[in-house]
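A, B, C and D label the chains in the order they appear, each numbered from 1.
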Amino acid sequence: MGGSFLSLLLGDTVTRLVFFPTLAAVPLLFMGKAKPIAVKLYALAVSLVEIGLMLAWTAAHWDAAGLVVKDPVLPWLEMPSLSIVYEVGIDGISLPLVLLTGLLLPVVVLGSWKGVDRHWTGFTTALLLLTTGILGALVALDLLVFYVFWEVMLIPMYLIIGIWGGERRIYAAVKFFLFTMAGSLLMLIGILWLGWTYGRLTGLWSFRYQDLLRLDLPVEQQLWLFGAFALAFAIKVPMFPFHTWLPDAHVEAPTGGSVILAGILLKLGTYGFLRFALPLFPHAADRLAPWLLGLAVIGIVYGALVAWVQPDMKKLVAYSSIAHLGFVMLGILACDLIAWQGALIQMVNHGLSTGALFLLVGMLYDRRHTKKFEDFGGIAKVVPWFAFFLVFSTLASVGLPALNGFVGEFLILVGAWRAGLHLLVAISTFGVVLAAIYLLHLLQKTIWGPLTREENRGLRDLDVREVLALLPLCVFMLWIGVAPKTFLEPSRPALEAVLADYRARLAQPAPAAPGLGASRNPAEAGRSFLVDLDAPDRGVQP
Amino acid sequence: MNPLFAVPTADLASLAPELLLTAAATVLLLLEAFAPALRRAFVPAGLAATIGAAWLLTGSDSGPAFHGLVESSPLTRAFSLTVLLATALGLLAAPGYLRRARLLAGEYPALILWCAAGLLILIRSTELLTLFLALELFSVALYALAAFHRRSARSAEAGLKYFLMGAFVSSFLLYGVALLFGETGSTRLDGIAAALAAGNGSPGLLLLGSLLVATAFAFKLSLVPFHAWAPDVYQGAPSPFVAFLSVAPKVASAVVLVRLVTLFADSPIGGRWPDVIALLAVVSMLAGNLFALVQRDIKRMLAYSGVAHMGYLMIPLASPGNAAWRPVLVYLVAYALMNAGAFVVVSMLYPSSDDQHPIAGLSGWGYRFPALGICLTVCMVSLGGIPPTAGFIGKYLVFLHAIQHQQLYLALVGIAASLISVVVYLRVVYMLYMKPEIAAPQDVAPDFGGQVAAVVAAAGSLLLGLWPALLIDWAVASLPVG
Amino acid sequence: MTVPVSWYLLLAAALFAIGVIGALTRRSGIAIFLSIELMLNAANLTLAAYSRLLGDRAGQMVVFFALAVAAAEAAVGLALFINIFRLRRTIDVNRLNLMRW
Amino acid sequence: MRPLDLLWLIPALPFAGAAVNGLLLRNRHKPLVTAIGVGAPGLSLVLALAALWDYVANLRPQPFEQFLYAWTTGSLAIDVAFRVDPLSAVMLFVVTFVGFWIHVYSVGYMGHDPGYRRFFAYMNLFMGAMLLLVLGNNLLVMFVGWEGVGLCSYLLIGYYFEEAFPPFAGKKAFVVNRIGDFAFLLGIFTLFSEYGTLHFGQLTERILADPGAAQRPFLLGLSLAGFTALCFFIGATGKSAQIPLFVWLPDAMAGPTPVSALIHAATMVTAGVYMVVRTNVLYQMAPEISTLVAVIGAATAIVAATIGLAQNDIKKVLAYSTVSQLGYMFLAAGVGAYVAAIFHLATHAFFKACLFLGSGSVIHAMGGEQDMRKMGGLKKQLPATYRTFWISTLAIAGIPPLAGFFSKDEILAGTFAHPGALYRVLWVVGLLTAGLTACYMFRAVYLTFEGKFRGSHEQAHHLHESPRVMTVPLVVLATGAVVAGWIGIPKGVWETFGAHDRNLLHHFLAPVVAEVHGAGAEHGMSHLVEWLLMAASVAIALAGIGIARSQWKRRGLEADAAFAARTPVVQRLLENKYWVDEIYDRLVVRPLAALARGCWKIVDTLIIDGGLHVGAFVTELTGDLGRFTTTGNVRQYALYFLGGVVLLFWWMVL
């Protein structure tokens, strides 16, 4: 595998996007003694190169009919009767998140500039490895490879929270680790079971997404497997009642960590639902959707309410994430094209606006080393630009029209309403009201009103670096809000294909015993990774 | 001439690796006596002998020898290489420690080499007496090594406990041998298998005999409830030696256990064997990790974690058959790398005179000893079975095997246990990196050999995790198709 | 009229049991070791008896080896006892518990 | 190219102005700030006038549509596009015209404010959003503007953010509006999922194409049209401060006075009315909801009027009068007199804006004092303000031939004409309200301008007429308050004098309010009845004025005291605005907060995390107990071994 992998690494491939950060981390091993500033600049440069590579790649493979690009398939682990392949690709569903990851990377570096005060080499290494893990999980098309990347994310994040975090960082880090691990281990068993079933039917084990999609399983088996996957993803999202790791993780994590965590890590949960849990187990998903929808909506209201009464800015934003991702889950589970488009764009939106909010809180923390509301109030006078960005991001998060948040929520809710979930949509829409309550509460407590604390009188306003960190996010918030078409179109074909496939499979009843479904109509399915178009059929006969 | 001495040279040749090791050991011992000045060269010499043995192994050809007392096959060669890997690591890490403990003496490499020889024979032996002798050969050496730290009461105590338990158990083994021999009329495994198939002998006694023989090796694998010696011995014995002790004997004993269990399970009396193994596996996984969870001494912690790992190793055996070999081999290779690696690092980070090894003692040292910190972290991650490390590949194959044989519950218990174990191993990581540095190290000087050993182990764990094909292909090539 | 082999076997079993009980009950390490030796010899006796019963010398071969091994073990063991006694002035296993839990 | 093609510039200019003022310029560029801040809306006014002339001259009554770009495509295809039809034309004129003059006024009023630049940025932003709301050709663009003006309202109410109350009031306004928007959104969802479009024209067509579909049962026991109409109306109650969501508007007076004039009198608060008229097809298909609208409108009108009677803060009086007048508009919409609603909207924009600006000029003169009890006898010092204020008061009181008279009378007539006893009641209510309006407005006039000055000395010295830049807009708007009504002189009047109907507004708006099925407004009414109704409303207006004159002209405050003495309960009730705020606080806000705390402290901390910690503890405990099996005594270990062997053997032979 080595040689061909190397050629992949050097070529203009998805693989390069995924592993460039890791390669870039290698020199850091020898920069232990380097000055922090050097390391910071190096990190910044690397992140810029990465986003550059991504943009170049996207531009190269862009195609009006959406894009489905796959690297050549390499064997990762071949055994007699069992094969795991290294198979990665990007389609309209993963593209936005991949680009978001790229966008956030430099932002995180800039945002951590001051907040991370020691071991910059370590921080950069962790960050880069984390990025590889995230990207890998986003592009993996072999479930076991996906699992590997999924787990690879854990250790760097654990270190980032635990080393550069706040007071109770270790508790938070371990909690984060255990929650995620608990879910993902069950998912591993589920994956293995799937591969084995496929092997029983075809004589050749496989964990390839496109192979496993052909499995038609009895409902009860689907229920168990879907349960295993859904648990892993629900913890990651996180959905109520698996969310309690999130506030702790966010409050303790350094700014950069929070941005990555909220920006992308959580999205992997929702992405997992969209990419794996639903398409693989349609009947179970359909059966369990009501419960999950219930949890999603509870999450929306619950997160909003709890956010409202938090004494700590970061915790408020953390709980707001729970509410926002509740919307995403609502959209995904509504199984409606518009809702799915909304869910996808909302993943990005949340990454942008919540990322910006965490950055801003972090900037305040860098200055005053506190995140408590009681230490602020009325600082708009002192730091107008900070106030401007805070108001802007908050409004985006509130879902104000012409900013990004609205687009996502609107599409999700329209779609879900169209799908007939009237009551749930009504409740969720009320969640929008609550969002206004707690987010304006945030503004009220921090920047408006009389200047309560003397020590805030001397607060510095944002400097160029901080503005540079925030600006890209805000630009996209506005852009997405004003002209969402640009961002919705690329994903639509893929979503359409997956949805059509999902509905088609749901249409026919689940079999009594596991079997191989009819292969799909390539023209339709070719717009996502639903069938194997290019890779040679590796001798799989039922 | 007397046929009794008519030993075909081919047979002798097939023993070449073992002979080389024993010869080297003897020479070293003599040199110790007559040319102590050469001490510095002993360990390198031992290392050379190990490598030589490995080379001879790869060269040696398959087939039975000595009228089938021992056999040689790709399988035995694979496991033997694993043993030699552990041996090499144990030797590499030794000098620094011994120098600091002012124990630098020829006996150490000699004894290690003898152990290795014994283990190699054990792996290859297909006959009960040979089995017994090989067991005793390395056991006796192990007792001595465990107590090698002459001036340390704990080391002595470790040696004594190990000795008493070992002797106690080997007498059970011998009694088991006696029963099996008596009831089947043969001491050869194939002969026993034939007799069992034929249904000779009293089932009760056969069952007892087989149980006594098997448990002796379960004891060497320190499966619950035969585990209790492990933590004490690991804690007291010299760390670099533990790197060897915690791996090599387990590899060999695992091979024997797989052989025996497969044999018994196929026989008419063996109906219950899979359940027995499954029980041992479950109890070991859970108890091992639970007890490890509450340890404050890193060596005891690793001992209990070793118990748990042997539990995972037993999962494939719960459905015996040729298919079980692959997960066992892969798991053992991974285990050899990560566990030995962990102990190697420990042997460098704790002053030898000190008999306590508090995990908290490492706090903040990830920055003082970057290389060792990373190595230990990688080993911990690997022990936790988190990708992309060898440990994950091992667990993956084990669980796969369980699912393949409709033993989902074993896999589920396995992941439950892994969840507990994660806490155990993460504690070490956060001690290294997330706690402030409290104690400045005294009498702690990572030596070159040790660092090489650590890096090799860690890099190996990582490489095999990223590129499992290396390991798997090798395993597939060297194992009977299952 | 000769003594049936089963008697030897029973005797051996009894010896083995005695040895086990001794090993479990005695506090002095030496005593425990002696009990273990007893167990070994019980096993040896069983082997001898069986080889007699089966008319197969293999069993007796084993006995020879076992005895040799026992001797080797004894040597190492006694050395260990001496060492521990030097360090702790006792060989009472109840008190040899520096390491526990 | 024709003026209409520049339509997009009309909202774009203010947005640009806001961006430049807000982000690029600095406080020191004051002249430039002024130029942009006033210039942008001025330019839009010019463009708007041109566009309107173009439209009226060439296109009427066909709607003119301008497509800008596609917001989304696919199954949810929404364009960002503008639409000029008679309805939006009227709104366009009102917004740009009044808006521009208020901007001019602000140059003087905010002249010395440190946040001058920020103020104009916000104001321009508001203009842009409002124009978006008015011009949007589909519900989404409208909603964007809708929320946009809400945002500006939030920012401008909280303009004095360094004080404690204004930001709070802004928050309140935003949240209460959001509650309305929540329903508005549901309405939008429904229309989209049922008709697959949000475009006004297409919606109307598709609804009319199949009335049966629109009237089939949908949710909450309402028909599709009914449900949607209800949703939209709830949205309107939020934005237009109707019962039960009117509580935010009085607090909104915390903002600068021009803001109150522009946003909380002339334009934004009337958006609800605009929306209801815009979607009148639905209401025509849902009579029950129309009735609800009418009732709510009437109730709001009278409740607010009564409260206004007992307020001492001049802006509060105007605020409640606004609420009350909005109630009128909804009453009109509810009885199907959509034209009347828009008519009153337009006239009200003029005189209420004028009144607010007048009060602003008073406050300006009084050095920020808003309490009428500290004023009195100001007409000498502030003649221009006094006259304009007086005229507008007459207008709002409904004295012919001023603007208010015609619009209000048309509403009353429409209500009266509507079949059903309930509507007679509503008519009476409306009539009473008219009287009350006249009464409390003149109370305000008398307390402010008549009698002798009750303020402090420095205030007395400080008193002065406002500069030109402020008085000119007053005059302009006052003129509007006089003449605006003449575009809607009722048909009956013309016909009585043998002229043919010149009710311009009606003819102009006719295509927009095309009736679905004859729920005729002022039809089937003899001219006699019409005249009688006019007489009645004039009479009651005069009566109100009379009472006010008799009570407050001379006695001033004693009148209030006497009133309080006579009916203390009523007094307290009115002064405390029926304790609505308090009730909401007790019934909604506090329980919600309590629930939130419960979720956090009990569910999160106690149950979930607590459970996990217990689990972790138990696990640890098991290990901690288990480890003591390793006693360190080798004999025990041997025993374990033996035990293990025995147990396994026993289990195997079992």
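The rule is simple: a contact is a pair of C-beta atoms (placed from the backbone, for glycine too) under 8 Å apart; a residue touches a chain by one contact, two chains touch by 3 or more.
Remember, predicted model here, so these are calculated numbers, not experimental data.
*Asks:* Identify the chain whose mean C-alpha position lies nearest to the mean of all protein C-alpha atoms shown.
*Replies:* Closest to the centre of all protein C-alpha atoms: chain A.
*Asks:* As a quick test, compute the distance in whole Å between the mean CA positions of chain B and chain C.
*Replies:* The separation of the two C-alpha centroids amounts to 26 Å.
*Asks:* Report the inter-chain centroid distance for chain A and chain D in whole angstrom, where each centroid is the mean of the CA atoms.
*Replies:* Those two chain centres are 39 Å apart.
*Asks:* Just give me the whole-number Å value for how far the CA centre of chain B lies from that of chain D.
*Replies:* Chain centroid spacing, chain B to chain D, equals 80 Å.
*Asks:* Could you give the separation in Å between the centres of chain C and chain D, each centre being the mean of its C-alpha atoms?
*Replies:* Taking the average C-alpha coordinate of chain C and of chain D, the gap between them is 99 Å.
*Asks:* Any chance you could list the residues of chain D touching two or more other chains?
*Replies:* In chain D, residues 627, 630, 632, 634, 638 touch at least two other chains, as defined above.
*Asks:* Give me the residue numbers in chain B that touch at least two other chains, ranges are fine.
*Replies:* Those would be 160-161, 164, 168, 172, 231-232.
*Asks:* So which stretches of chain C touch two or more other chains?
*Replies:* 23, 32, 93, 96-100
*Asks:* Which pairs of chains touch one another in this structure?
*Replies:* A-B, A-D, B-C, B-D, C-D
*Asks:* What residues of chain B sit close enough to touch chain D in their complex?
*Replies:* Listed in rising order, the residues of chain B that touch chain D are 160-161, 164-165, 168-169, 172, 204, 207-208, 211-212, 215, 219, 225-226, 228-229, 231-232, 272, 276, 287, 290-295, 420.
*Asks:* Spell out the part of chain A that touches chain B in their complex, as residue ranges.
*Replies:* That would be residues 1-2, 32, 75-80, 82, 119, 122, 144, 147-148, 151-152, 154-155, 158-159, 162-163, 169-170, 173-174, 177-178, 181-182, 185-186, 188-189, 192-193, 195-196 of chain A.
*Asks:* Sort out for me which residues of chain D touch chain B in the complex.
*Replies:* Of all residues in chain D, those touching chain B are 619-620, 622-624, 626-627, 629-630, 632, 634, 636-638, 640-641, 643-645, 648-649, 651-653.
*Asks:* Once bound in the complex, which stretches of chain C touch chain B?
*Replies:* 9, 16, 19, 23, 29, 32-33, 36, 39-40, 42-44, 46-47, 49-51, 53-54, 56, 58-59, 61-62, 65-66, 69, 72-73, 76-77, 79-81, 83-84, 87-88, 93, 96-100
*Asks:* Tell me, which parts of chain A touch chain D in their complex?
*Replies:* For chain A paired with chain D, touching residues are 241, 244, 247, 302, 305-306, 308-310, 337-338, 341, 378, 380-381, 395, 400-402, 406, 410-411, 413-415, 417-418, 422, 425-426, 429-430, 432-433, 436-437, 440-441, 443-444, 447-451, 483-485, 488-489, 492.
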